[in-house]
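Each of the next two complexes has chain A plus one other chain: chain B in the first, chain C in the second.
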Partner chain A sequence: MNSQTKKVMVIGGGIAGMTAAWELARAGVEVALVEKAAFLGGYSIQYACKATDQCQQCGACGVEKMLANVIGEPRIRVYLAAEAAAVAGDGPFTVTLRASGNQPEAIDAACGKGYEKDPAACAAARGYSIHNAVFYKADGGFDPRRVAAPESVEVDAVVVATGFVPFNPDEKPTYRYRQVANVVTGLDLERAKRVYGDVRRPSDGALPKKMAFIQCVGSRDERLGHLWCSQACCPYALRSALATRFKHPELDITVFYMDIQNTTNSFDTFYEQCRQSMRFVRTIPVDMYETEDGGVRTRFMAEEDGLPVEEIFDLVVLSVGIMPGNDNPALAEMLGIGLGAEGFFARPDLLNTSATVRNGLFVAGTAGGPMTISGSMASAGQSAAAVLQYLGRA
Partner chain B sequence: MTAKLETAMEQIEIATGVLVVGGGMTGVATALEVARQGYPVTLIEAGEKVGPAAESRPRTGLPDARRLQDMAARLAQTDGIEVLTATRLDAAAGVAGDFKVWLSTAEDVLERRVGAIVVATEFDTAPLYDGYGLTPGGAVIGQSELEQRLAGDPGSFSGKTVAFVAGFAQSGNPMVMQRIFHCVKALQDAGAAGVYVYVGDLKVADDGLEREYRTGRDRGAIYFKLKEAPAIAASGAQVVIGFHDPVVRQQIEVTADCLVVEESLGVGAQCADLAAILRIDIGPRGFLQSDNIYRFPVATNREGIFVAGASREVRSLPWALADARNAALQVAEVLGDGTRLVPRDKAVVDIGKCTFCLTCYRCCPHGAIYWLSENKPVISPVACQACGICASECPMDAIQIGGFTDDLIRGQIAAKLAQVNGDPAIVAFCCQNSALPAGEMAATFRMSVPAGLRTIQVPCAGKIDLQYILDAFVSGADGVLVMACHPGNCKSERGNTYASWRVEDAQRLIAGAGLEPERLRFATLAANMGTDFKAIVVDMDQKIRELGKSRLH
Partner chain C sequence: MSEEAIKLGGKKKSTFMDKVKELLPEGGNLNLCLTCGACSSGCPATGLEGMDPRKFLRMAALGMDEEITTSPWVWMCTMCQRCIYVCPMKIDIPQLVYNARAAWPREKRPKGILGSCDMALRNESGSAMGTSPDDFRFVVEDVLEEYREAQPEFAEMQAPIDKQGAEFFLNQNSREPVTEPDELVPLWKILHLAGIDWTYGSKGWGGENYCMFLADDDAWKHLATNTVQHADELGCKVYLNTE
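Right after this comes the complex of A and B.
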């Protein structure tokens, strides 16, 4: 079979989509990588390193490396700020792309006064990574030599890697996210640590002295109908807490939790380290109020006697979970692939979890269900292999 | 362009056979996937059978066991797959693309030449009676026995009370929980009178588990999350379970007709031997993969050797089958069409200078160096990752790395220091996997870094020679930074460790020459942390400003 003629579209340019695209391209397939945002990398390109005096294997820097692979691979044609508008055919498929409306910020507008003036804007304007910088012209538009304009593309197979959305804490109003300045999400914390290089309180930019993490925000929640564990938030919260504590040994950290999920094979030693340097309280706080000096008064049931107690933290981090993507219902309909009970794309075959209900369409990463970065990479490799099998070339 | 390539590259012939070690479902799936790509496979299994019979993962609740049997049956129908049961890997030699392996069967020792190896062994599993101070028998049974009884005669549990205990004798994991959830459902379907589950943490981080847990609970199963294992005592044909309930804060006793003990999910007994034979790193808890993101998902420290499923982590069968596909994908990447173009000068030994001391062979983290019978080290251009650790460790300076020869790097140091400005001259040796991109990020994002900073790219911090550091000071540096990956994040496992040792040595040397040791600093950071890069170099710049100009100038 002539491998040169095979072409695959990967929808979604997070770690899963990038990994699938790269593996396919390495195997000789032409890839159209379609990303809705103005940068590649999805959520995980925005995370901070969580090393103490040791790497904690969070995987964040691996996303940088995969992005470097992708931009160096000529068989991958990158469409940014683009999304699928219509799909026709039954393998081959004709996919019509349209502009998503996202545009990069002009670097001079965002960053003209230097990084330190507005780190968040500077980082966002360059897509969070040096490797994304190749896609932009200095005046803010896309470089047409690196970014293809939306068009109609004929492909032999499609990989859906559209990822997830972090839980929106507005759906749990008692946490008063957005109302209390020093209540932030895990994603806010990751971004801030990445762009500022350290933890800071949003209210005054100061280093917190007493911090709390609240686990399972939006996940494992019967009332919301979210009957799944997000799998990534115990690992990210604990690693982030441990790294922060390592940098600031005087910092007091409390973790409110239901159950702590495993990280890697070294979980036992890792968790022991965590337990020695922070307090674990097996209860989920009820609500929060702002104190006059910006503290977060947090009410919870004491573990020992079940009576309500209050404690004031100067920074509370909500460990938001992995929710099905906003586009899932529309995409499922357009592509003719169903959604599972939780709203992620259905993966009907346990023995090949990259398959959807339709031939020629595959799923990779958190589009199919909660998983970590390493899981997303394994899932994407599996999808790439399944695509190659489908193309009958392997 | 091609002309240039031809001079720098050489074509290498690659053996396209593949050895798969382990005949559980991961091994079976790997063999089928690899064979489908047209590479001949030898699958070896230490036991008597392959397929579901050799599989150590719980099979309860899998869609249908028949499909696994069908999959295993396809082995025999697929061309190019040789299945050897009761066979072990005795020895291995060579490098990616050219391994020689010795396989001992019941009668014979066979020799095969293969280009790649996939280890796909199964868990060792046994009920943890000892861990709970219990002896099997009567009301006390293991998880597998319960599953067998439920499959054979579910009705026998009608009206019975069954308790499970898990997560105390070993740390909890989702696979154990999944097995329990499935049994809870089966017991409820069979009309059990009561189901109690005693656990530490509910490990539900895998597909569908939280829902299964909730469903079982809604149907009446009672879960207790305890800090320590409950006290369990036999009482006639029953067991009495005593514990402190953290919710109602009371001591409670429950009597059960059956107590089900969890099973261990330990690394396969052969894994330690396999690691030694294959010269691959062992990770935490004996699994055959170090904790290192460069190994995601199925790589080892050695090119051409991959690990899948239970040989590398404790996860459910769907994930192990994903590994099988990933392994096959990576195998194809190594074997290609049986030839491979590699740079001629990746790492080259000057045999004239070599004193055959074996240092390079011992220190290569990727097992890329082999020894020829005529007493000569040879570096495989396929297996070598061009980290340069051997080059810096070789006592005779007999090894040079393409693009990073000693002459090139030392020339760069001199050239970069030749341009003088008023600012403190700081030379930063930057590992290209971490510090270099972080530094580029700082620059691209317009972070303010010191004007006197001069970065020198190295393939791995392990390539930084003591001599380079001294050169930099002699050629005019006021300060030198050696910037490497965080411990545990080095692609070559130990390059950062070598670099930190060399910095300590160099600090002693410069102190002997009358320079302040603080002028030389070792720092670690990640590729995605431009802000860390900036913080390190700014801090260094301030330090050097306090110390003033180097007294060597």
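Right after this comes the complex of A and C.
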């Protein structure tokens, strides 16, 4: 057993990176957590709670909790707005860092000089969580004592947890995202709920009366080269729909789908609950038109009566899926680890899915493929265990 | 040594869809359907004759060849390819439709399309309206003269027919010279202002190809060959299909 303190770099501070960092720190390892954005938490810190009168186990609050853990853990050193520029050596590694150029978002009127005035909106402007506040000074800029990165760091192992990007609906132009105001993505919906605490139409801020979710946007699509199921978008859309319905029982919700991904143990009861409170249509609509009062008119095939139907919705949510991160090709090249055909980091060992082709380099979370928050946490746990084994600590 | 795939069960009866798959690159992806219905949502022919593209493909996949090759819906498909465009699996439904059309006895195919194809075969213009090369030349020259006089800024505008060595060979829907001659002019103006060296052909100027819509491959080929050969004889480099 090695008594010398080991040091590990985790690249990417989303739920996977934070979980890996925390697990490693708890095992006595020093961690350098390098995050490109101006805040910790990745995408999943931007989501709203989806509880009805009961917790629906969406996992979002677990991210908040993990963020608090990481901030309170002295063995984790966080470098924000930083990225790895080069990695030298075969373990130990010398990682050169550089600034990513991402700065904290400008503080808007809601935020003023602190979080007090409008905590929710301010948290959104500054990293989506009050826990990220420790990284900023009162004027909104970074606190250099907390986040400034050195030029290079010596580490014994590296965990790649750089996550994913949500599908960009511009690649499916008939949905006319960005052109029709009330066509939004699942991510837009989550962010808005996190900021305003409720569902709002972008065009006028009104509560929608009739809402639609379109599933599988960007996933399961040979044309785009995305044959995978993204795993997360059925659960997030259905939970979000159910929570919104619970809050506004008069709201009319339609879910357009081709398949529903079964992701939880209690899925059957959950799905039954969904079926009772919303309409499921097994057809994907494709064309969106804006009506004069901001409605979204679309057409779809009603299978039961074999006729095309036109309907107008106040808000259409595109359930965008999980796509390989934008940095994957450059990172894979820089780190000397390959990408799989789909563009996620290759994990050649079926029994140890956190291992890459290079000793000492590991993958965690959606960097390796589509998964949910709990899946990402489990994957990060496996990575941390594999790192500890590699370091001779387990 | 090459490995033989293990075959389960007896040999399946070859269906209409199997035959179409053999004709298409990558089988037209015909067996990759996710039944998502995007094609039907976007198709202008959805709901006509109780049919829509998803249902049509399903029926073909289930081997319902009789229904597929007799449904009049195949004649309502506009061949617009919108279904392919929105299909996540790029499935070539119009090709399936096309082949289902071809399975119809020629004389049973819709009168309008059939008549238009037959008409086009009867004249060198390739015109479904039956407009002869001479009539076409007369209309073009007449309209050109009128515009050159009425609009001095277009006094130099050309609308040549059979100009040897022009860069672009242009065809023309033959409805316009007959019913809406003024509609010919906007494109001439654009080509004039852009300084394009172009020509019509006296042979094969008719751009509509009803024989294609009729799924009559031989006649379609005849019309296409006629016009392309003429463009070649004139030494044109680019064939501009306006249809």
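Descriptive notes on the structure:
Everything below uses one rule, namely that the second predicted complex is superposed on the first by the 367 of 394 C-alpha atoms of A that agree within 3 Å, B and C clash if a C-alpha of one lies under 4 Å from a C-alpha of the other, contacts with A are read in each partner's own complex, and residues count from 1 in each chain.
Operating definition for what follows: a residue touches a chain if its C-beta (ideal position, glycine included) is under 8 Å from a C-beta of that chain, and two chains touch if they have at least 3 such contacts.
The structure presented is a predicted model; accordingly, all values stated were derived computationally and were not measured.
Once the two complexes are overlaid on the shared chain, A:377 sits against chain B while remaining clear of chain C. Contact with neither chain B nor chain C is seen for A:203 once the two complexes are overlaid on the shared chain. In the superposition on chain A, A:277 contacts neither chain B nor chain C.
In the superposed pair of complexes, A:26 makes contact with chain B only, with no contact to chain C.
In the superposition on chain A, A:102 makes contact with neither chain B nor chain C.
When the two complexes are overlaid on their common chain A, residue A:168 makes contact with neither chain B nor chain C.
When the shared chain is aligned, chain B comes close enough to touch A:129, but chain C does not. By the document's definition of touching, of the two partners only chain B reaches A:385; chain C does not. Of the two partner chains, both chain B and chain C are touched by A:220.
If you count the residues of chain A touched by chain B and by chain C, you find the higher number for B. Put simply, chain A uses residues 220, 222, 258-259, 282, 303, 306 to touch chain B in one complex and chain C in the other.
On the side of chain C, the complex with chain A involves touching residues 29, 32, 34-38, 40-42, 46-47, 50-52, 54-55, 85-90. For chain A in complex with chain C, the touching residues are 174, 216, 220-224, 258-259, 282-287, 298-301, 303, 306-308. Across the interface of their complex, chain B is touched by residues 23, 26-27, 45, 47-49, 51, 53-57, 59-65, 68, 111, 114-116, 119, 122-123, 126, 129-131, 133, 194-197, 219-220, 222, 227-229, 231, 234, 258-262, 264-269, 271, 282, 303, 305-306, 341-342, 349-354, 369, 374-375, 377-379, 381-382, 384-386, 388-389, 394 of chain A.
Those residues of chain B that touch chain A in the complex are listed here as 33, 36-38, 62-63, 67-68, 71, 171-174, 201-211, 214, 225, 246-247, 249, 283-285, 287, 289, 291-294, 296-298, 313-314, 317-319, 321-323, 325-326, 328-329, 332-333, 433-434, 437, 440-441, 444-448, 485-489, 524-532, 534-535.
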